[in-house]
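You will see two complexes here that share chain A, one where it goes with chain B and one where it goes with chain C.
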Partner chain A sequence: MDKHPRTYEGKTEIKIEHPDMIICRCEEVTLAQIIEAISEGARTVDEVKRRTRAGMGLCQGRTCSRLVRHLLAQHTGQNFHQIPPMTARVPVRPIALEVLASLEDDTNG
Partner chain B sequence: MAKKHAVIIGGGIIGASCAYYLAKSGLSVTLMDKGGLCTEASKASQGHLFLWELPPVNVILARESKKLYMQLIDELDVDLEFRPTGSMSIAETPESLVSLAQTCEQLQAIGVDCEVLDRATVLRREPNLSTHITGGASFPEDAQLNPLIVTIGLVEGARKWGATIRLNTEVIGIQIDNSQTIKAVETNNGTIQTDYVVNAAGAWSGMIADMANLHLPVMPRKGILMVLDQVPQDVMNCKIIMASGYLDSLKSGNKTAVAANIQQTRGGNVLLGSSRAFAGFDKVVNPEVISEMARRCLRFFPCLKGMQVIRSWAGLRPYSPDMIPIISDTKVKGFYVASGHEGVGITMAPITGLLISQLINNQTPLLPLEPLSINRFDPEISA
Partner chain C sequence: MNHVELAIIGAGPAGLSAAIEAASVGVQTIVFDENQQAGGQLFKQIHKFFGSRAHQAGARGIDIGKNLLGQVAASGAEIKLDTVVWGIFEGNKVGVVTNGRNVICKADRILLATGASENVLAFPGWTLPGVMGAGAIQTMVNVHRVLPGKRVLMIGSGNVGLIVSYQLLQAGAEVVALVEAMDRIGGYAVHASKIKRAGTPILIRHTIKEAVGNGKVEQATIVQLNDNGNVIEGTERTLDVDVICMACGLSPLAELAWLAGCRFTDVAPLGGLLPVHDDNMQTSLPGMYVAGDIAGIEEASTAIEEGRLAGIAIAESLGYLTTTDATVKKQAVNDRSEQLRDGPFGITRREAKETLIRRSLET
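Let's look at the complex of A and B:
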């Protein structure tokens, strides 16, 4: 089975025929916006994030972080595997505010 | 004659603003950062233009800075997500309402527009607030913008005026000649000859000052923020609501202080703050602190209980011992400091950049600089 070798080799080529294609669904960031950020000097996933909001939404970059790395590799000549993924932050998965608020009670009890 | 050259150390909002105003004034400018743009305290911010942080000198700086922001909205030709939201401070006890009213009196005396509100008025304006509150105050001059967009916008603006941006460039030494004048900045990417250096390295500015044999008592002070997924816009009518204890939390000394500070951005996300702690350069998000922040914020807005926390992060803000920023020349000719803004770096970025530009260009400064001088920390000079 070698159906999706691209994912592992980091060789996905994202064609720019559809500049309106959504790369980050949560924040509705398009391919054209990502490419613009790269052309303005963004060289890491976090830099693209700060310029476009890609990866700042509900899923925190679970889907788009990888696509952004591909785009960075494609447009800057960096090796896909050497581009670090987005910085992961607490709580990693969304949790309700009231659950977080009860944290100390749990640890004390 | 060749253009004079300035190196700005620090790619946060203060460095970006200094780079912008200096490049615009005609200097040749290099902005450098050990990492990227807007990667430290500038991104750990709620984007609140805070027009009433005491002492009075801060209020005056903030007021002039807001005027400059109004100009930057046109000059930079970027949507800074500026909104004239105003803010509200909410008291939870009769005593804290009295104390808030006293603060308002003090602020009104120096021309700050604010109004003390009784409990019924607050609850009428903000029906989702918990009914245990005792009253509040409104600050209609406060506003909101997006600090990431502002920082990057200022850097792009500086670039249009010819500035060079050098990221991943860490300063390892400052060269000073025998006449105590700046000569060059040594970095991991080579040495740059320069006429001026602006130390805008935020929490790290004390280390940069050490390299120039100067004492700058700026310390890192950690602040943690959380962001909620997009929340209905009518949860809060005023988009910036904080506990009346917020100003006191800034004077908390060594213990970790938490005060509810709830803000909704134009995109609909709710940002929850805030905490202050001295923990060296540690940027760990402490679970007990965000849990306490969650409890405090829910005390004000119980309706947020089911909303999703998607991210929390910490920034190291540059703490100045007297809570006043340092915008100053120094004993080393050509070496300037723009640091110590702690929680009001976003608010004061434009005025800081303008004052630094006026200092370097020997122009009459817009505001008196004595209260902002580094000399106030020098026992030989201030005595």
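Let's look at the complex of A and C:
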């Protein structure tokens, strides 16, 4: 059973005073877009990310991930502190693909 | 660099302190840091620290940083700067880009001392130039000696907000107001008194409503909150400011711990979801340790003690310290940490730390 129901009744009740306010600066994702993703059933930061690109820019969610968690808590009733950040993946820092591809691994020899 | 006994990620107060303890008894130690200077945030801290003499109270962060770097040099640990750790893999391997080379380094022990990132507040206008984090302002004012603006609105009354306000005043800016959403000042009274004496009003139960300006911050509207944290309509006030500084707390920078598969738990007073660690600072993964803000948001002085504890425990686990010697050293660290986690500000953190350590024993 899903702990947090996927049906979302609150779409029209959410007071979006500033729908155009940017939440993810890197990808320029607005509050309205995040709220829309939640109203479509997104319940995790990853699910919001896949729908909106929030957190996929240069800072990799270091700025907006917490804001998205707040919005998820606010609009789905989840405990803010228990909402995990987006799934961490390599590379965790922006490095050039050329450098990434030149990997030297001598640790198995 | 294919193999090292101890790889430390992060050359802030926690990472450097661990390096000193471990390398000085013979552990082959490398510290990686993506910055061009070691010391983490210490070199931005031009104010005098609190605590007992054992904690270098009265010393400025910048001097504590210099002192740590001197001890690292004497310990034999190597610091690799401008070096990015981009991944962590099974078998205690880390992916490292250094001097343009991308290599895998296998480490017998890994210490994650990656610190924290700043929290932001989203309000209409928060993406305008002139809205910035307290860390950026400290870098500009205290390191590069650039004043970011003339009239500042500070958001947040924790020690960072109070101290950065005072440093802005010292540097010649006017701090027009400091707003705090809670019903009390978050940081130490002595810091708050200093900025009040300098004429900055500290407005509790107030927040920012919006920032406006043509291409940059020109005005900020602040508003009063009721006891439920809701805006009281009609209490809006508009201030002419060119900088809005956000000092809204920190979150642990824990991607590498998530990536490695450390078990996490929610300990709100220390910053939320944290990798569990035992009383040796070891995570749920054998051989992987944490220290400093990644193990719970506290202060530079506690980060130093946690780093030392991790360094001692790692040296012991590798056979460089006898259990007897390690126990004596750990006790000294724990006694000092206990002093730091004392008083009305410290006791919550101490209890939260105890919870975190207790949960590491659960399966």
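Operating definition for what follows: the second predicted complex is superposed on the first by the 88 of 109 C-alpha atoms of A that agree within 3 Å, B and C clash if a C-alpha of one lies under 4 Å from a C-alpha of the other, contacts with A are read in each partner's own complex, and residues count from 1 in each chain.
Just so we're on the same page, a residue touches a chain if its C-beta (ideal position, glycine included) is under 8 Å from a C-beta of that chain, and two chains touch if they have at least 3 such contacts.
Predicted model only: the values in this text are computed from it and were never measured.
Trainee: Using the touch definition from the top, say if A:33 reaches chain B (first), chain C (second), both or neither.
Mentor: Touch partners of A:33: none, neither chain B nor chain C.
Trainee: So, A:47: does it touch chain B (first), chain C (second), both, or neither?
Mentor: Touch status of A:47: first partner only.
Trainee: Would you check which partner chain A:25 touches, where first means chain B only, second means chain C only, and both and neither mean what they say?
Mentor: second
Trainee: Touch test for A:62: chain B only (first), chain C only (second), both, or neither?
Mentor: Touch partner of A:62: chain C, not chain B.
Trainee: Determine, under the contact definition given at the top, whether A:84 touches first (chain B), second (chain C), both, or neither.
Mentor: A:84 contacts chain C only, not chain B.
Trainee: Figure out whether A:95 sits in contact with chain B (first) or chain C (second), or with both, or with neither.
Mentor: Touch status of A:95: both partners.
Trainee: Taking the superposition on A as described, I'd like to know which of chain B and chain C A:74 touches: first, second, both or neither.
Mentor: neither
Trainee: For A:103 in the superposed arrangement: first (chain B), second (chain C), both or neither?
Mentor: In the superposed model, A:103 contacts both chain B and chain C.
Trainee: Take the contacts of chain A with chain B and those with chain C, and give the residues found in both.
Mentor: Chain A residues touching both partners: 89-91, 95, 100, 102-104.
Trainee: Which residues of chain A touch chain C in the complex?
Mentor: Residues 18, 21-23, 25, 31, 62-63, 66-67, 79-82, 84-85, 87-93, 95, 99-100, 102-107 of chain A touch chain C in their complex.
Trainee: List the residues on chain C that touch chain A in their complex, please.
Mentor: The touching residues are 2-3, 34, 84-87, 91, 93, 95, 97, 100-106, 117, 119-120, 122-124, 126-127, 251, 253-256, 258-259, 264, 266, 268, 272-273.
Trainee: Considering only the defined contacts, which chain A positions touch chain B in the complex?
Mentor: Of all residues in chain A, those touching chain B are 40-41, 43-44, 46-47, 50-51, 53, 56-58, 60, 89-91, 94-98, 100-104.
Trainee: Please output the residues of chain B touching chain A within their complex, sorted ascending.
Mentor: 36-39, 43, 148, 152, 156, 165, 167, 226, 228-229, 267, 272, 285, 287-288, 290-292, 294-295, 297-298, 304-313
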